[in-house]
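The two complexes that follow have subunit A in common; it is paired with subunit B in the first and with subunit C in the second.
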Partner chain A sequence: MRNRIAVYICHCGSNIADHVDVEAVRDAIAGEEGVVLAKTTMFACSDSAQSEMIEDIRENDIDGMVVASCSPKLHLFTFRSVAERAGLNPYNYVQANIREQVSWAHSDKPEQATEKALQIVRMAVAKARLSAPLTPPSITSENVILVVGAGVAGMRAAIELADMGSKVYLIEKDHYVGGRAGQWGNLHVPGVKGEGLVKDLYEEVAGREGITLFTGTEVISSSGSVGSFELTLRRSPRYFNPKGIDTSGSEFTGKVRKAVEACPEELDDDYDFGLTARKAFRHSHPGQFPDLPSVDMQACTRCGKCAEILEGVDLEQEEQRVTVKAGAVILCTGFSPYQPQEGEFGYGEIENVISLQEFRRMMALSGSGGRLLFRGRPVNTISYIYCVGSRQLEGDNKYCSRYCCSAAIHTANLVREKFPGVRNFHFHRGIRSYGKLEELYEISCSEGDIYFQSRDDELPEVIKEDGETIVKIADILTSGRDIEVGADLVVLVTGMVPRDNSRLVDVLKVPVGRDRFFNEVHPKLKPVEVVIDGIYIAGACQSPRNINESMNSALSAAVKSNSLVSSGEIELEPTMAAVDRSLCGWCGECARACPFDAIVREQYEGKEVAAVNEANCKGCGMCLPVCPVNAIQLTGSSDAEIESMIEALIDLK
Partner chain B sequence: MIWMSTITTGWGVISMARIDHTFASRIEMFGGIDFTACYNCGHCTAVCPLVEENASFPRRMLRYTILGMEEDIQSSLDPWLCYYCGDCSETCPRQSNPGEIMMSLRRYLTSVYDWTGFSRRFYTSRKWEFGSIAAVAAVVVLLFALFLRPTADPSGLINADGGVKINSFVEGMSSETFVSVIEIGDWVMAAIVSFFLLSNIFNMYLKVVVRNRKVSPPLSLYVKEAWNLVYHFATQIKLSKCSDRTYWGLHWLLMSGYTIMFTMIVLFLPWFQVEKIHPIYHPQRFLGYYATFGLLLGLIVWSVQRIRKSGEKHRYSHSTDWLFLVMLFLTTLTGILVHIFRISGMVPQTYYTFVIHLAILVPMLVVEVPFSKWSHLAYRPFATYFYNLINSARMLEEKKKK
Partner chain C sequence: MAKQPAILVFSTEKISDPAIDMAGLMKMHYPPSVYVMTVPCSSAIKPRWIMHAFRKGFRGVFIAADGTDCPYSDRCTELTGNIVARTQEMMKQKGMDPARLRMAAICSVCSEPFVRHMKTFTEKLSEGEV
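Moving on, here comes the complex of A and B:
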């Protein structure tokens, strides 16, 4: 029981003092049981006030402290730190919120406000009296990080982690790293191509000893928690073993080409969005690494023709399972382009309607010079329809895909550069070429691209009339007039959707938002963290974004995860659930109520009881009310503390 | 916001419009410059002091130009309701020169109203521009050389007051005959100019009132609104609403000078072009000096401003702008010289300068008035007339509906 408690009532300038009689609150609380010191202060958070508190605590042998000021969201940690600096256990500090909950809310009723403030302070004092000094528990952690997804974000994170001294497992579901960046050809950074970017990153990854790269690999199960996750990986075979083979020479490349030619199984190349065909036996595209062949076993008939030509082909290779231990996990699983529905703006029905990604790939694959052709017909006019699959009025994708305005404008600029004379028409719903990307819009406008704007509920239409494809729009910029534009090619500016991550969500319990992207804890305060400790997200798996932004978040996630695990020890919040094992008889209710998988079953003196996995527990308290025998308490908010607060509240009269 | 409205704004009639992106490059030949950067913010329309509920420009015209909505432009009066103060171009955050687009559209519309097709050639081809002026000048010189050769004997051509007898150059031709010949020439020229100009105005009327409009003004309104023509021609009051009012003053001075001179030359030639040199206070001399002063002042100030490119209004000069200024300046200058030579008694100088004077004046009037920049003297008041006519007709129709 604390009985030497110091109470500070803050004026907060005029914020509190104008509506609450702080002196009266101070006078009333001064006589409260256990209070040895009660003061008012102009700004409790000011340096001078903090120094005074430290002095008070030391001189008066204070063992509990209450500051009645603003929301604990703002200054709980400030005053905990004051307590700590004065030698007081920070968990003996209690904050009373008399600003947001009193002065701001009741500025019209000063008398009642003062009364309420006193009640709140009395409750805080009551809690302080029963508060226990707590020591944060700590757990050991592996300085190892598993990065899932070897696109540009994943590789960037892995490189950074390795440089900071963490050991990295970088895993990639496909047999080639690079993700999608390599598909797009010229990026908006002058002179940089997606495939070049991937190559640079891959070479850096390959040059670092701290990184172990697994291609063709997925996480299939996980146990443990922050500091020591145990992850089982499934490695699907490449059906090619490069051991003992010189894969760098032109002789090897020639053989691979022959083997590809020999393969009888042909299918659409999904990397090229079906613009080209590939074989079941395939080689990497430029922008995909490593530079080794692989076999798509779903299409392969095991005819063995490739193996006859190329040494190292092994169609008997088998799937492997590997278990790794990691202190933290970073997810960089990227995005998929939105696939327009059949008939959406004529997609799939009118032959010259394609998606932006298809068009980008087409541009990347086409040589320069000459004329722009589509299905053999010259293209002189291109219409871009924006926000396809994004900002849907009906449909689930309410979000803006963010990258696509700039990407479409950049594409239009590229087309104009590569094929002078081609005219671009943009049908948008408000251009969002934010930040430096505005420059692209500037160029596009001054070079003569024409922009039309429609309302969200009056989208443009693509129709075919007398063999001509026409885009119709009620153009806001022309007094809402109905305008028709003939187009040789219609490009649907399709947004981003998350990749199918259902297995990963299942295995790692990563929270997914309504938009189906991974959800961070807080967009500003914890932008790369998820509610599961030790799991981080980066890149387009979190929300639509461009390569720059993916890189930024990859670096954030790398630094955050490294700082978590690199010391070998992780300090936890002590405010978590604690089981009274003598009372517990394991009914499992608490485990079912726990959203974080923090309750496990264990043996204790011959019976089954619940135990708390400290690394997973968040102290949310969901398990408390469901316990039929009241065997669980929340440290820092025990029944006794809460009850004493209620007592203090109803006693006042 | 006006442009958010899906119903008609102004008098636009809703119809499906097909865009024509080649139009923008055609307008560039009429002087349009860097206008494609426009992002439709509407600053230009917001700052324009002349914008009214039914006349919203220049944003809309700029948009029509970019999209190539020719029919809408051709049926619009907006370009004529703009008097180019340049505030829009100054304010434009994209440096899209909306003011210059309105100017280019006036040139374009002049060529559209002209059914002969000559105006378009004049505006878009330097060869046609200078060639036509030179051709008419050559005709004038040729007529003089063939029929009005100067007498070999200059004696007797000096008045008692020491001045040159301006109507007695031609051998065997009396003073009265000479004046009549010149006067007939005047009337022939006036008839040609009026025929083309009036037919072009009729064409304008067809495009802006008859076709493409949902109003049909009753005959009484035509009469009722006719005062607009005289009032706006005489006062140019709309120009005074532009931010730079000194420009209006200067323009009015030049216009009145030009009108007085034109009236004296065409309507009162026997009174104006007399052998005798009148005393200085005589209205003939007094009005002549006023007109000369007005013309000179305007021409000098604007030439300097165009050379210095001072202000948005003078930043860009189409070759026809310069041709207009130079021709009028040379006309004025040769007119002054004729006058000086006359009172100084210099006979051959007077004659040859007189011929040169006409060789500049005639092509200027014949070519520029119906086909080029001079035509604005008619199109502007007519535009205001048509504008008020349509507005009144609409109000009348709305009243009837109620």
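Moving on, here comes the complex of A and C:
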């Protein structure tokens, strides 16, 4: 029993102290049995507060510690480390969550919040009193990372990981890497095109021995956990085997072109958003790698015309399953452009209304010089309607897609440079060209682009009148004046939505937020981690972002995952089940409940009993309630601990 | 105002704790008479803990179950369900209303459902319906 406990009540600036009387909690807890020291602190996590705690622990012979502050998700490890540095076993530290679960949740009832905070702290003290000093077991870890998605973020992460010495499996669902960056043509970095960026990254990936790239590949099942995930990958066939074929010369390229021409199955090219057609037998676009053909089997009729022309085509290729072991996983599955609804600002109904992504692709495919044409008609005026599919008052996408203001302005600037004389009209709801991107906005304004702004609940309208497409707005920049602008082309500035990741979510249990993007543990403290240990997220699968931001998060995820697995050992939580052999008479219930085969049968004093295999036990506790004689206790959740915590909560003095 | 009936919530560290924390983060208020105790998994809750809570004065016990989101086992829904059924049997034998024990799956982003559950459970318990 710990009976020299130190308790710290954190103000968290004003986050806790505004709604909870922290001094009153301190005064009340100071008299609690086993508490020898109780203090308030402005920021418990600050360096100075941590130093003070270390001093207190050493000087007062403290044997247990409680910090009442934020959620343990944020600072449990911070304060365990404080305890450890002071010579106290880190498992004699208990965190009381009086911010997320008290001051914030009950900011409407400060008196009751204070009372509840005290009860929560008493519960933590009760737990600390019964806490046992523990030594965490460690498991061996593979210095192998699986990166899912080979867009710019996935490739960037893979390259960094390989350079830090991790072995990398980089998998891509499509038969070509590059994701979406290659679709956009000129990026806002002068002289850099999306396809060039993808090419550079692909060449770096290809040049590293530590990276194994699988295209056409998805994760279909996963077992194991942090340190040793076992992942089954499904590799769908490309229907082309380059083995023994020189694919580098113009002879090969010429034959591929002929094979594409010979293919009778034509369909919309989704990489070009249907602006062009492609064949079932297809070659990579610039900005897609490897530079090899592939067959879209959903459209292919197996007529064999391509195989007659090109050596290596193998329409009998079969799907493969590969199992890989990895210590950690990084998800970089990217985004999809928001698809406007039929009739949303005229989309799908008025022929010259298109999305920003479609327009970007159209620009990327158009040659230089001459006039800007849309369906054969010259374009002299373009209207951009902002926030389509973002900041929805009604509808699911409440979030700001963030990248799109700058992307639209940048596009308008590109149009003006490439096709002088084209006029740009912007219909926005407040321009958010943050950071250095503001330069793009300045250029646009100084070059004569016209900006109109609407209220969130009074959006512009796109109508067709006498053959002319017109955008109408009640413009708040001119005191709500009704303005009409004729447009040769209307570009809907569409935001980002996450890709359909339902299988991954299912297989890896990755939490998804209300916006349907992957959810990090904490935007500031654990920005690339999810609650499942060993799984990291990067790029636009986490939230809408531009290429720079995707690269940043890819580098963070690479460093975090490498530092987790590179030492070959990961320290685990010492939470484990333990069987009281004197009570146990082996009935096997616990073994049947255990998902990890951690319960084994052994002999003890002439009878059969259950025993826990600690290497397999994950501390889930599923064996606890099924034992008919209550012979199993879980570290940290023993009957004594749980029941004394219940008493501490309810027995108010 | 009369004191509201105390509810003990057994919540899981990886799944429902984040949802309950996020409810606070979003200042979604629920009765302060709701207390949260963290367990690793909802299938780890012993009926005796629940009975202890009732004995000590909690009016209601709510199990924020992992359900199909359980990171440990796909049998979690069934196993937690068994715990509730067994405990409710014990409650009936003691002449207690089994509706004082509730269970609902609370996923890691189910902040709104959590708050809604806490409000309705508190109302039911206050009205003396259970």
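We take it that the second predicted complex is superposed on the first by the 442 of 653 C-alpha atoms of A that agree within 3 Å, B and C clash if a C-alpha of one lies under 4 Å from a C-alpha of the other, contacts with A are read in each partner's own complex, and residues count from 1 in each chain.
Keep in mind that, in the parts below, contacts are C-beta pairs under 8 Å (C-beta built on N, C-alpha and C of every residue); 3 or more make two chains touch, one makes a residue touch a chain.
Every value quoted in this text rests on a predicted model; they were computed, and no experiment measured them.
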item: Touching partner for A:P595 - first (subunit B), second (subunit C), both, neither; value: second
item: Subunit B or subunit C, by number of subunit A residues touched; value: C
item: Partner chain(s) touched by A:L373 [first = subunit B, second = subunit C, both, neither]; value: neither
item: Subunit B versus subunit C as contact partner of A:A474, first or second or both or neither; value: first
item: Subunit B versus subunit C as contact partner of A:R423, first or second or both or neither; value: first
item: Which superposed partner A:D482 touches (first subunit B, second subunit C, both, neither); value: first
item: Partner chain(s) touched by A:E100 [first = subunit B, second = subunit C, both, neither]; value: second
item: Shared subunit A surface residues [contacts with subunit B and with subunit C]; value: none
item: Interface residues, subunit B side, partner subunit A - complex; value: 2-9, 12, 14-19, 21, 24, 34, 36-40, 60, 63-64, 66-67, 69, 94
item: Of subunit A, residues touching subunit B in the complex; value: 381, 423, 425, 442, 445-451, 453, 472, 474, 476-486
item: Subunit C residues within the subunit A interface of the complex; value: 6, 8, 14-15, 17-18, 20-25, 27-30, 32-33, 35-37, 39-41, 43-49, 52-53, 56-58, 69, 71-73, 75-76, 79, 82-83, 86, 107-109
item: Contacting residues of subunit A [partner subunit C, same complex]; value: 71, 73, 97, 99-109, 112-113, 115-116, 119-120, 123, 509, 511-514, 519, 521, 531-532, 575, 593, 595-596, 618-622, 624-626, 630, 634, 637, 639, 642-643, 645-647, 649-651
